[in-house]
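Right after this note come the structures.
Note that chain A is present in both complexes that follow, paired respectively with chain B and with chain C.
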Partner chain A sequence: METVFDIIFIQELLLSTVRMATPILIVALAELYSERAGLVNIGLDGIMTFGALSGFLICYITGNPYLGILAGAISGILINMIYAFCTIHLGAEQIVYGMAINIFAPALASFIYKIYFGISSTLVQATLMKTVPIPILNKIPVLGVVFFNHTPIVYIAYLLVPLTYVFFSKTKLGLNYKAIGEFPKAAESMGINVMLNKYIACIICGILAGIGGAYLTTAYISTYSDGVVAGRGFIALSAVIFGRWMPGGVLLAALLFGFTDALQLRLQVMSSGTPYQLLAMIPYLSTLFVLAFFGIKKAGPKANGKPYFREER
Partner chain B sequence: MKNMLIKIFVPVISVLCSFIIGAILITIIGGNPMEAYTYLFKGAFCTPANIGETVIKAVPLIFTGLAATFAYKCGVFNLGGEGQFVMGAVVSIWISTTLKGITGIPLIIISLTLGTIAGGIWGAIPGILKITRGLNEIIVSIMLNYVAILFMGYLYTGPLREGNVPQTASVPVKLGRIFSQSRVHYGIVIALILTLIIYYFLFYTSKGFKLRAVGLNQIASQFNGLPVKKFMLFSFIISGAIAGLGGSVELHGTQFRLMSGFGQGYGFDGVAIALIGQLNPIGTVLVAYLFAILRTGATTMQVGSGMPTSVIDIIQALVIVFAVAGSAFINLPKIRQFFSNVFSKPRKEPL
Partner chain C sequence: MRELLVMKNITKKFGDIYANKDINLIIREGEVHTLLGENGAGKSTLMNILIGLYQPTSGSIYYRGKKVKIDSPSKAMKLGIGMVHQHFMLVEAMTVFENIILGVTKDSSIFIKKDRIKKDILELASKYGLNVEIDKPITEISVGEQQRVEILKALYRGAELLILDEPTAALTDIEVEGLFRVIKKLISEKKSVVFISHKMREVLEISDRITILRMGHTIKTLDKNKTNAEELAALMIGKKMVSSKYKKVSKTKENIIALEHISFNKESKHNGIKDISLTVGKGEILGIAGVDGNGQSQLAQVVTGVITPHEGNIYLYGKKVAQFDPNDFINSNISHIPEDRNKMGLIGDMSVKENLILKSIEKSKFSLKKGLFLKKKIINQYSNEMKKKYDIRCSSIDQEVRNLSGGNQQKIVLARELEMEPELLVAVHPTRGLDIGATKYVHDKIISARDKGCGVILISADFDEILKLSDRIAVMFEGQIVGIYSGDNPPIDEISLAMAGKAE
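Now for the complex of A and B:
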């Protein structure tokens, strides 16, 4: 146990925290964009799974992880359009439909994988995205390795946080967008096209959630298997609640959950005596504890989860 | 009557659409849909043993489907069916392999009861967190699924492991078989009795009426003096208990031991089944049986026509996608108007 507080250990831990927090952060931002437009999407896990598959598949075929990420984004949009149509136009209950996506998307992903690689396939490996160190900054001791030695997706994910903040708080477009999640009737009467904006929200959500899934199979591990997402979509959902629907809060929440994930992996490597299952529970249990002690009852957009019909009074 | 027709109409059309899309998929990957579907239904119905298999496969699905239905009727989402199912089985295997001196039917009864209680406790956690801390029950129940599955994994690789293979010992007493030529066990009887009890409770008792009232409109129920939070917690506990009993029955009737993959996916399947069954206990049983037919036939289809079993997973998933969209669609004001015009009898004009 002496090695626990080793500088190398801490550096490794922080490095993998940043890396593990990335998919949660991207997907939590996806949910943020969706919920700010009044659409609760619990289908994130499903979209991620499908994004993970298409990202992996394209990466395997072309050998280019960036095309994989692109494929993840596109397939995220496609899956989320089903959700968008059914909840926006048909007024289906959002939670229920998200659940339907959670069942449908993994089934489709598993089907495509089995068709492409055969029924009894061994684990297929694809190329992994290379890290692109940022020059000069990566020479800073410890911090350089922790923050500036990652794949480009990681940088983009963290850059999205200030961009999202600026968009929602400083631009007219963002304020209009937020109004839809708060009071769509008023937004409509001010000349904002609610339906259009909701679709745009779903497109953004699909892109980000798909990228979050594709990140797992192109930049984190180089294989795809059923259950690769392992509930990260739901952890991202709780990151939005814990982060109180604010980009900065979401970042902190994602880092916290990334840290627990990194910690349990490090502990698994270090203590071979402890059953790995008990350590693997850490991220899920800490999500529960964090929510139980710091979650708040109601802080989200007011019209969140409610269907909107233009004609209705 | 009109409502009944519409409620049956949506699932039936959804199933048909899913089969059609399934056929298109089969054609795309180079198969013959008619041949594949023939093998599918042959596999499910050609011998008494196969029909028995469909019943066996339906049993756990009925339990998790009922669990989801019960919670949803009170307006709460229990997505933790899988965790509660697993915890029920975990407690059952622990009790039945460690309890000495009791054998036979008393042991099964004790084991099933404790499994039910375990499921109820596991289901109570999201309920308590929801009513005291206002937490989103969806996230809590899903996090608990992962915890339960990992805990089960810890048990069958660690303390309860038997032999070299990572699995537990077999249960000492098994649920009896109903017929000699198939593996159908008394679990199906338990499942069907439970269905009737739940149906009676929800639709013919005042408690059940109040529970449904809470599910339909919490604020109105609160104003009418109903203890909304108590009902929510109650429905979570009962929902968990149903799933826990399901896990226990599955353990004693079909699987006999815990190993990797026990109960996998049953929670979400239960939710899907409940939604397709229009949140009606009887509908839940029917849809669970349909899913069981598909699963039993899937293997025969894979062997006979070379179509992978995941075609069936897609069909199942499509049914839920269509059923939920369909239910929303017929509830749109315009469509509802249309249906009421179709179903209302033409009025006789007085001359």
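Now for the complex of A and C:
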């Protein structure tokens, strides 16, 4: 047992953490963009599932995982437009429509998969995205393997964190965007187009959540099956709350959940006596734990979740 | 003077209701133009049309002689129209600086050039005497300063026509003076100001011309120098006002409530009370004067049992209060007109009749088995009676309360609280946001309750109201009572000084 915790183990654990955190990070950023514009979207899981299916399908047909990611992004936008229209235009309850997406999108994905591949017990395999090591940096001991030997999607996901930070804290557009989630009427009275920005928020959310789903089936595993997302959308949702609606915080939260996921996989291999279901619960239990202790609603955007009408008296 | 803005035959319908009907308004360059009217006269609707938040149903707007269509606030801003809303449009999570630059596209850069923009803003601020702490979060500055931020915001966007919607409502007298200095400065720079208010004294002090609106119509535009308060009031409410003078009574021996050295949160100057001792007798009105936020809210909550004082004792009808519980206080015949009727006084989503019986629901008059079964018929009959007696204007007693005007909402609170025939009435800002007619109604009701022997604690930031109604006046400053005066021929100068914290 002593050799288990050597440097290789730690390196593998950290590498896996970074990989596992990636889909959660991308999707949590999707939610961050949505909630900063006042739209709570709990339909992330559904968007991810649909992104996972369309990403896989296009990847299988074309043999190109990058086209799969693109397909995931586009399908994410399309699905999220249902949510956008109902909540922004019609002022419908956001939670209800988020839930509707969660019920509708996975069912549609499953339906399309079965039409295309028929009902069979063997899983269809598609091309998996290859890792692209970053020259020089990947030669650094331990860190090189952990951070600089991934698929491009991983790099993009982590780069999005500082970009998002700069957008929200240093740019005019970001400031205007934040105002919409805080006090849309004030934003409107300052000449900011609230409706337009909310749609943009939904497009960004759709793209990122769709990519997060497609990542799972084109860069993480090379198959699609029902339930492939496995609640990661909800974990991402809690990562936003735990991360206090700030990009850096969201990153830390995603890494924490990625770490618990990586850890439980390793524990499954190591302790064959324990039922694997128990260990598989760890990431979800840690989500529950974190939300119970750190889930303070106060920190979020003030007008989050509230519909907005310009001519309301 | 040249005409800056002409609004011609503006009509706005909400559903079947006309909020504005054929309104005509001319604003000249470099003038302060007051819009005077009761609540619901259509002032705010008209201004929301002018800044592009609402679209008029019909009518046209001309700006500098050219016909314009203002279909969004950004369009209004481009024309040079800015508005300071009664409820400030400030993002609390952001700083003063961020609020000012929100939505501004003066240069094409993506990033915020903080130092340069700050310099511009501070220059503008000093030009008009608008003192602001630019890096502070909105939550940490006073209401007066928030208003200066709002004005600065409009000016930074190049406003030539500035609309101020009830700008003095939340200000102290000193802050009002400061605001008037700013307005005069703006006028001297050839900018125009639309001033919305129903405080006659201020209107006559600051305006050049005055347009009176009533029930959505323009009644008349008058020159300030050719009119007076009586004429304006008469035009505004449509009938001649009799300026009411209530007779004052002297304190009876019998105390209803007595506070002995009460403190709550006494370290806080604005949200606490410190060592307060006072008594209210049968059939008298004790007015608590003071600038908002000097502990009045806490005092009101202590005497209605909402919060438990940290120190001191309260005696009700000579008996010491052992436990602070609002329900016990209600049962000891204490009625409360709370400071915020929407948050504390009424349940907006419930009907008129439900709100009317909220506090009496357990009484056998309205229900069997302590509120388990309601006596629907009796409740309906009672509510209709109240509707008539208190002149509550609603389409039916089943209408949701939040759809009523402020005045009618307050009448529901009054009906509920006064019908319980209280022995002590705690009225906090009872006429805030109400028009002259509704205000007089509320005042009459309070006086008639007093005449029936009810003791009244009247807390108000409106000094005129305190002077008009109170039999004795206590002044609160930074959580303490700094003076008690007779309400009959009160020494106004002395009281004003005490309110400003300068009592001898």
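The definition used in the following text is that the second predicted complex is superposed on the first by the 310 of 313 C-alpha atoms of A that agree within 3 Å, B and C clash if a C-alpha of one lies under 4 Å from a C-alpha of the other, contacts with A are read in each partner's own complex, and residues count from 1 in each chain.
Everything below uses one rule, namely that a contact is a pair of C-beta atoms (placed from the backbone, for glycine too) under 8 Å apart; a residue touches a chain by one contact, two chains touch by 3 or more.
Quantities reported herein were computed from a predicted structural model and do not represent experimental measurements.
After alignment on the shared chain A, the placement of chain B and chain C results in a side-by-side fit free of clashes. Counting the residues of chain A that each partner touches, chain B and chain C differ, and the larger count belongs to B.
By the touch criterion defined above, A:199 reaches neither chain B nor chain C.
In the superposition on chain A, A:182 makes contact with chain C only, not with chain B. After overlaying the two complexes on the shared chain, residue contacts for A:172 are found with chain C alone; chain B is out of touch.
An angle of 80 degrees, to the nearest 10, separates chain B from chain C at the C-alpha centre of chain A in the overlay. In the superposition on chain A, contact is made by A:302 with chain C only, not with chain B. Once both structures are overlaid on their shared chain A, chain B and chain C have a minimum Cα-Cα separation of 5 Å. Within chain A, the residues touching chain B in one complex and chain C in the other are 311. Touching chain B in their complex are the following residues of chain A: 42, 82, 86, 90-93, 95-97, 99-104, 107-108, 110-111, 114-115, 119, 230-231, 234, 237-238, 241, 275, 277-278, 280-281, 284-285, 287-288, 291-292, 295-298, 309, 311-312.
Only residues 170-173, 175-176, 178-179, 182-183, 185-193, 301-302, 310-311, 313 of chain A touch chain C when the two sit together in their complex. Interface residues of chain C, counted against chain A in their complex, comprise 14, 51, 53-55, 72-74, 77, 83, 85, 89-94, 98, 101-105, 109-112, 153, 157.
Contact residues on chain B toward chain A in their complex (touch as defined above): 25, 29, 77, 79, 129, 133-136, 138-140, 142-147, 150-151, 153-154, 157-158, 268-269, 271-272, 275, 302, 308, 310-311, 313-314, 316-318, 320-321, 324-325, 327-329, 331-333.
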